[in-house]
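Can you keep this structure in mind? I'll have questions shortly.
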């Protein structure tokens, strides 16, 4: 399939690589230059202007946050301005429900088709083409994009309202952050009692919770090792805020989400911007003053 | 192996059945009579007095709480009084760390061997011999009990201090209750937005969280169906209290555990004693006033 | 003093009345008409257009929220557009820190002087000219407004940065909402034990807490009576959100503010918009299922 | 009045002094010796054995906690064993509801009269005879003790069930700790914004909250000064635990009390045992990383 791909960050570059390897004809674009070299070697074309990545019948965007998506999609000379009528924009970024609604409206007005398809998975899963993709929007458009999704991971369709995929994505990140907090408190308790936290996490993840989320975050928390960041704390904080913003507009109180919100604020107040979001799982050990637990700011 | 088995409740009766089926020679005892019939048919002997279940070289107890364990094990004419020197008591109940320490001391004084071996798994997993058993204590004793554990599920050894197994068990129930709370809040958010909670839970449990805990509790919460109780709310509340008690004595603040504590109190204040502990996962929907969410007390 | 007064809601109408009674020459304006009659009888002039209330050397605004302030002050044909150079705008509304900074900038650009002077006190205190006024901004301007403040209550100056007054006001409402929550939980405990909550509140407010905040909210909570609203729940919710927004931008985690936030969301989800904000103090009794506690939605 | 006085700690010694000064005939006793010298100079008699302080028609006890009260009152050779029939025991300690019920029962069986009369006020208020006393129990007994209460402060009667006074006392300490937490969060917000916290607290306590609780704790928190302890953190923690224990047995969820509980645990985990309980009001500033905020453990 011939398509544009916009956003070559930690996730986007790995996703674009898999698309090229699967035989798709990609024109890639990134706002800050110098990210395309390895993709070009594999056969992708580099667009120097956004418009050049928007001339096919489909474009994928994978951007950091609402602000970037606003600039790249909605602002003058953005995707909406350049995409041909009838073409599909697959937005795989983690966006707010409110912005997703706006994008849907803008594309509809412009006669384009919009699919929200945010993903679950850290960069290693993106590289391994094992992302969990959550698609919502026009069903014909989703069907046409099937070969793309297949090259990236496993897709589930969640309906025809694009914002629904964004809400489920945000709720999923809330669930993951809840796992981090719960493990953080459990490891603080276990660690201070004198039991080896690593053995503890191994037990948990070979019995009750034999899944990557618990394995990955359990290991990081047991080791108190939160660098380098695979998913940085400010991004995790952003997603919890977006989940809370959606909950506010629906009038849904979420006390555990509020607890996570406060954990992130504390981490960031202490200079944790460069840490993995799993670092909120280290705060319980700090509060318990478990020996060997890292203090973020010292 | 010839042994006694004390406590034929929802879990104990299924466990004893599997032991008999595996060829072990069981003498069973339950404080309130009338629970042994089906076991006797399978070949178990029924003890009418506690002492009669304590004459072999091993006895397993599976009791509801600290109070029962205190009565059955420590009180005059309890297991400690009747068990032969050198014999093994395998305590598979979910007990407090403090009581487990007391039991260890009492058995040591009496020249007996004590193994704490609490289990993870609801009655259906007990019946299927798929319990996760967490053993701690004298290693020779644990080795001797190997055939028993094999008949019940999968065993992990967590060290030589019996209380450690109890603490890990309590921390595990804390993690499970955290899953319930997180799912409860997510389902409230998703449900109020208009997305089908059952589809949502299916998505989660076929991607990020393909494990029984999320499947079981996700399905109950999405359906708002908390009866009959496989694990009743008062037992869940008890375990969170015991986890918090251990955390207090170690001086470990656990805000998520405190949140769970308050959820259980609220559920019980509204007459939720007969519900499954998953019912705390329905409170977020009540708070959000999601249509169709059950009100416990009406 | 000759001045304009904009915003004749529950608070503004009482404040304007006191200003007229103190001999000031008021031109009053309210967006929805029909609120000026009693003021005109007392000697005020009614402006039919906003501009007519902005022709003197000072104008006071008392508006419901950021949105209203934005429309009335910043939007085209707002106060900034109409106020003479050098004139003073005294903004007594409870606004966000962010909007207060914007107003300061806009007035500075327009060569006008801006004083933020939010107030503490419910309508009865406004009527009694017993408001606590918190002024910040240009000190000469504050001095010139002294006679106005004197007619309304007791003034404290908090510095020359207008936003500081708004932040202190928001933090004060956070403290008041904390009083409500604490009293709500205490009354739930006391009430369920069988002690008379009214006697309890009388004891508290004649010993430890002999101040209006505890007396007012204690009486409402003990009686479970939250109508009519002197300060409506949506306004309280708005202020907690603005306090949390300020805390977010400063990276200050406030777990008690988060708890209050969730209490308000729950109250509003159950149709509590018409209740006094003290109604969040009834939720603890609902959770405890104290007999006689009002259920918001039934 | 002739009476015994047991417990000469920070509070008890000041209270006993006021009783002697008011002309009462005191026989004082303290478990660890060397606390009576100044009282003897004023005219009190020193008892070397507990029994000697229990021979009059009344005895007051002012003890640190349930454990001490259990030892001094209930244990063999305690007050219950020594007090004459019909005599009155006025227990002014802050005790659990459960222990207060036990004391009432024990005194009733022994034909003695029991009055619970816990107090509000720090040592300086005890010295100034300005304690708020909360009496509950046999009304004739309370009447007879009127002269004693008058010498100590201001008394309110809360009914005939002694435990009720203890519950109200615990709920009062919960309200005070809530004030500390709320002020702590507000000061973190204000302080990080650059506003002077001392000016802020002065504003609050001269307007909304002109009462000792806000003045005392506000000043300590604004100064970040938590030594020496007038009321030590472990005592505050104990009272929150007792309030939560009462709430548990009544099935009353108190999320703010849970938050306070976790704050205390964290303070104590970091070696805060010697600090005033106001030190939990410093944790919000630590979380926000406000410059100049004290770190408990460094």
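Per-chain residue numbering starts at 1, and chain names A, B, C and D are given in the order in which the chains are listed.
Assume contacts are C-beta pairs under 8 Å (C-beta built on N, C-alpha and C of every residue); 3 or more make two chains touch, one makes a residue touch a chain.
On a predicted model such as this, the values are computed, not experimentally measured, just so you know.
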Let me spell it out: compute each chain's centre from its C-alpha atoms, then which one is farthest from chain D's centre?
A
Contact tally winner between A-C and B-C is A-C
Indicate the whole-number Å distance between the mean C-alpha point of chain C and the mean C-alpha point of chain D.
37
Can you work out the whole-Å distance between the CA centroids of chain A and chain C?
40
Chain centre separation in whole Å, for chain C relative to chain B (CA means):
52
Residue list for chain B, restricted to those that touch at least two other chains:
247, 251-255, 259, 262, 265-266, 269, 287-289
Can you name the residues of chain D that touch chain A in the complex?
255, 262, 265-266, 269-271, 287-289, 297
Sort out for me which residues of chain A touch chain C in the complex.
241, 247-248, 251-255, 258-259, 261-263, 265-266, 268-269
Can you list the residues on chain C that touch chain D in the complex?
120, 132, 134, 154, 156, 158-159, 164, 167-168, 171-172, 174-176, 178-179, 181-183, 185-186, 188-190, 192-193, 195, 199-200, 203-204, 206-211, 213, 243, 246-247, 250-257, 259, 284, 287-290
